[in-house]
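Below are two complexes that have chain A in common, paired first with chain B and then with chain C.
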Partner chain A sequence: MDALIVIFITGLISLFVGMLKKPYLTLGIIASGLVLSFCLQMNYGNYTSIFSKYDNLYFNITQLYFSEMAIGFTLLLVLGGFQYFKQDIEHTSDYLSLLLFSLCGAICLIGFTDLFMFFLGLEILSIPIYVMVGIKKQDVLSAEASLKYFFTGSFATAILLFGIALLYGATASFNLATIQEAIQSGSYSEPMLLIALLFIIAAFLFKVGAVPFHFWGPDVYQGAPDIVMAFMATVVKLAAVFAFLKLYAGTFQFLSEFWTGALNIAIILSLFLGYLSALRQTSFKRMLAYSSISNTGFALFALLTTSPSSAGSLWVFLVAYGCATIALVTISMIIHNVDDKIAAFKGIGYKNPFIGFVMIMSLLSLSGIPPLSGFFGKFLLLSNAINDHLYLVILALVSSAIGAFLYLRMIVLSLAKETENTVEKYPISILQYIVLGVCTVGLLGGWLIIIL
Partner chain B sequence: MELLILPFVFGILSFIIPSSWSRTFGLIGAASSLLVALFHLSGFEPQTVRTIFDPNRTFPLGLSFKMGFDALGLVMILLTNGIVLLVLLSNWNREIAKNKLFTALVFLMQFGLLGVFTAQDGILFYIFWEFTLLPIFLILYWFGAKDNNPTLFKFFIYTLVGSLAMLAALIVLGSFSSSYSYEDLRQVSLPAGYACWIMSGFLLAFAIKIPLFPFHTWQPATYSSAPMAGTMLLSALMLKMALFGMIKWMLPLTSEGLECMRWPVIILGSIGIVYGALIAIKQNDIKKIFAYASISHLGLIAAGIMLYTTSAMQGAMIQIINHSLISVGLFLAADILENRTGTRKINELGGIAKLAPHYGFWFAVIVFAGLSVPFTAGFIGEFILIKEMFSFHMIIGIVAATTLVLGAVYMLRGYQVSMFGAPKLTEFQDLKWNETFVFVALTILILVIGLSSNCIIDFLEPSLSNYQVTLK
Partner chain C sequence: MNPTTTNLSASIEFYILLSCVLFTIGALGVLVRRNMIVLLMCIELMLNAVNLLLVAFSTYYGQGDAQIFVFFIIVVAAAEATVGLSILIMAYRNNKSTDVGLFKTLKD
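Take a look at the complex of A and B:
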């Protein structure tokens, strides 16, 4: 709760500081605000916040870990994307504070205890993103992406609201605990509740970008600036998946026979459609968008079990996925991949060993090769689900072989001895070194989770 | 633990040192690893398991991270460290040895292999098993033939699919057990419906890596596009990982499924024996001859392991060691041909024995060892294996025995066409000191093992019969 306030105030301050047109000052304020809120979330157990009376948001250890992950990713993205935001000196602070406001939404979405807060969080998360996607004003693709995301997103929101209204009609409450009690005791009107569940699941699948509601994904990812794309692929996705987990594996767990069928289909389709479509892409961001659809499919495995460890497994998986995505996007920015071509990565790993190392680590982690974090994430998720959903797990393994092929092609491309670029060595700024270093630690340290 | 740390540290250091030192550095590293392994051999009691790493607690999800080795593991460790030394030595005067990336990757490969041979935890075994794929892939990619991407993808995806099947099998197996440690997995008694499937999960991984017919299609192309060191590491060590996995992991853990998988594997192995040999006879590329020959040899070993009798496994172990040594020799000989003449087509070669008598002699020695003539290690190994196959089923035994005849045909054909006849070349540089050294070392090892195979059989006996206790 404190962290939320700190982030919001930091955003406001940086808006005012932005008038001075000193980008490094803005960066300093935002970074220190994020670090402060990160630390606040860490120390939460030791003291009671004065705001703890407000019970629409509740943070226990799981929520704290997830919101820390969201803050950490945002910090990495702000640092990694500073080079890009700095170019437009008029608006640097506007963009950065929009990211922070969106992060506030993500934290609300992680900590909500009733559906009112949930809806509020989702909207605070989404609205800045609608703007951010369109900040490349001269770019047709960016404008298209922004408009497309806005319209489809509002439509999904409307469906979600409809679902929430029906849920209220069925159980007479917005509070998650009350709803769960009502479901458990059977005091609800059945068809209304079930329809509400379907509406909410559809809206969720849209927000996390899972098949069959994934069509906006590649277009929006392609049009958005690199950093905004990475923000959508990591922070937005993790908040939405966690809220999904909390609602469905928590509140609606007693109706799981009803919704697991629909979810299974969405998972299978996401796993295969994502990777298979990604194989044919030439645009780097579209490739990343499709592979993120498949990774969402993996993340949704956490919903299939009600065991308490599923949130932890999801956390490991999302950390690995987020670090890999941020590292790849940062590398793409380092090499000035404005044409957004996969071929632009050719040979950069061989010429720049550090970039090559980070790139190999992130791609291998995405394909789930041990001993990287991606492997442990997938391993935890799948071994939780193996008892009830053996066939789903086998299909997931098959799809991860397809994914491995996809990522392997990129590894091979980046390690090629000959290159198409004329630049011998790319300059890497200190901030980017920090981002890549932190990501590498995140990718290599997955086994620590098991030990600690 | 120093067994594993040493190659890893040397691997990391190799990235840092200047390139001009890398080959000396490589030799020092490999020799010290071998010394450490020999140090472990002295005073090793064959019936004990020596634990080298034990955190003494079970981590979440039942991971135990235990490491250790018994007599079988120790033999494989010695083999790995010895072969790595020979591989580095045979590359001594090639361009590749001066590249520090190469030295580093070989050490990382050695690290992964030693991990596979010492893992006492199912998931740790899988982690190291997958880890070995990365260095070998990079060796093949950076130092192999140009434009070999499709081949490499095939190799990588094939083996990865197999490994994923093994991972699924391990997770299902682990769900019956309290932890993934080897002792706990041994105590699992599987329900009838599961055993067969779990075993086939393991088997898919191993069959692709061995490679067993019909999963062999990645192998010849990968071998022929690989650099010499890559081929040697693949055939001498990486394939042995799969056979080791069959003996130590698949059979003891899922012995309930043996009945349903025994015949398929033995039949596939027997088909592989004949099929590999027949194709090898028709090949013109000398590296492909040896690639198909290795399908034939390994089919015999795999079928022998599936018999699951102590003496068949002893024969298989002798043959595993022997095949590693022979394949290093054969691929070195093949690469010398390619290196000096620029071609591997045997019909473009001829009369080399006259131009380079030393090379002709040592190549012949390795070829004869490959034919399993008496006094070489192969003789004992194949003899035991074929004898066991006969007592299992007569027709299988007859099919297996054809390996002796067919092996003679393709080996001698390859040797005769390239080395004898009218010279088609004007000059051929004879062996360099390091190549002579490798050949001499291999010959001594092959003869010593051939003459004293009883020692090895006795050394391995307790651990091999320990793997059989669970047979129900």
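Take a look at the complex of A and C:
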């Protein structure tokens, strides 16, 4: 709770500091605010807060880990994207504070204990992103992406709300614990509850971008600015997947025979449609968007088991995925990939070995090669599900092979010899070095999980 | 699940039916219509159908919390309409049209 308030106040302060037009001052305030909230979350429970009586937000150890991940990713994105934000000196702080407000929503969505906070968190998460996607006002693509995201997003919100209303009608409560009790004791009106579950699962699949409702993803990712796209692929996705996990694998777990069928279909379609569509893309961001659909399919494996370790394996998977995405997007910004082409990465390993190394590490991790974090994430998720859903795991391995082809093709591209002999130097700011370094540590440190 | 003795002139089923009909009209409108402003209005209609449903359930159960939820929804709908209208204006400046069918630059 304190972390949430610190983030919100930091966002407000940076909005006002923005009037001074000193981007480095704004960056300092934002970064220190995020670090402070990160430390507050680390020490959650070790101190008595004046808000500790507020029980609509509750963080146990899993929720703390997820909210720290969200804060950490936002910090990395703020640092990595600062070069980009700084170009538009009038609006640097607007960008950054919108990111922070959206992060507030993500934290609400991680820590909610009733549907009030859940709904508010989802909206606080989404509304700043509608704005941020369209923040390049003169850009036709950006405006179109923003429009598409807004209409599809608010349509999904309306469907979610109808689901919540029916859920309230079926169980007479908004509190997750009370709803779970009502389901367990059987004191609910069955048809309404089941319809509510379908409405809510549809809205969730939309928000995480899984297949039957994925159509907005590639368009919006392509039109959005790089950093906003990375924010959507990491923080938004992790918050939405975690809320999905909490609601379905937690509150509705006794109705699982009803909703697992729908979820299985969504997972299978996501796994294959994402990677197969990614294979024929030439746009880098579109490729990332389609591969993020498949990665969502992997992340949804956490919902299939109610074992307590599934949240932990989801965490490992999302850390690996987030670090790889942030590293790739940062590299794309470093090489000024304005045209958004995959071909722009050609020969990057020769031009700048450091960038090449980070890029190869993140691609290998995304494809799930053993010593890297991505492998451990996928391994933990799939090994949790292997007992009950063997055929799903086999399909996931097949799709993983397609994904490996996709990523290895990019590695080959990045190691290709340059035909025309243009030696360009890419200036990397110290902040981008830090971001790439942290991401590499995140990618290489996955084996620590096994030891711990 | 004991309905409290409130003076509901019609039973709860009618309210559920009415809000389902309103919601469906809104959803169909979003799917069928092409004008962005009408789309925005249809989404508002869907949200208001939810509001009606929540208020009806709130009276049915004799609890106040769904009515509080309605206030939250109204506030969020206002925020969404604000953002939506400004996005709409931005899109209109780029395209000189409010027809959503014209936005097809981004595709495979």
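In this section, the second predicted complex is superposed on the first by the 446 of 452 C-alpha atoms of A that agree within 3 Å, B and C clash if a C-alpha of one lies under 4 Å from a C-alpha of the other, contacts with A are read in each partner's own complex, and residues count from 1 in each chain.
One rule holds for everything that comes next: contacts are C-beta pairs under 8 Å (C-beta built on N, C-alpha and C of every residue); 3 or more make two chains touch, one makes a residue touch a chain.
The shown structure was predicted, so the numbers you read here are calculated from the model rather than taken from an experiment.
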- Task: Quick one: classify A:Trp259 as touching chain B (first), chain C (second), both or neither.
- Result: neither
- Message: According to the stated criteria, A:Tyr321 is in contact with first (chain B), second (chain C), both, or neither; which is it?
- Response: neither
- Regarding the shared-chain residue A:Ile369, is it in contact with chain B (first), chain C (second), both, or neither? first
- Query: Touch check for A:Tyr248: first (chain B), second (chain C), both, or neither?
  - Reply: neither
- Task: Quick one: classify A:Asp219 as touching chain B (first), chain C (second), both or neither.
- Result: second
- Message: A:Arg409 in the overlay: touching chain B, chain C, both, or neither? Say first, second, both or neither.
- Response: first
- Pick one for A:Glu144: touches chain B only (first), chain C only (second), both, or neither. second
- Query: Per the overlay, which chain contacts more chain A residues, chain B or chain C?
  - Reply: C
- Message: Contacts for A:Val131 in the overlay, against chain B (first) and chain C (second): which applies, first, second, both or neither?
- Response: second
- Message: Per the definitions at the top, what is the overlap between the chain A residues touching chain B and those touching chain C?
- Response: none
- Contacting residues of chain B [partner chain A, same complex]: 59-61, 63, 123, 126-127, 130-131, 133-134, 138, 141-142, 149, 152-153, 156-157, 160-161, 164-165, 167-168, 171-172, 174-175
- Residues of chain A touching chain B in the complex: 309, 364, 369-371, 375, 379-380, 382-383, 386-387, 390, 393-394, 397-398, 400-401, 404-405, 408-409, 412, 415, 417, 450-451
- Contacts from chain C onto chain A in the complex sit at residues 1, 16, 19, 23, 26-27, 30, 36, 39, 43, 46-47, 49-50, 53-54, 57, 60-61, 63, 65-66, 68-69, 72-73, 76, 79-80, 83-84, 86-88, 90-91, 94-95, 100, 103, 105-108
- Once bound in the complex, which stretches of chain A touch chain C? 115-116, 119-120, 123, 127, 130-131, 134, 137-138, 140-141, 143-148, 150-151, 154-155, 157-159, 161-162, 164-166, 168-169, 172, 174, 187, 189, 218-219, 222-223, 277, 281, 286
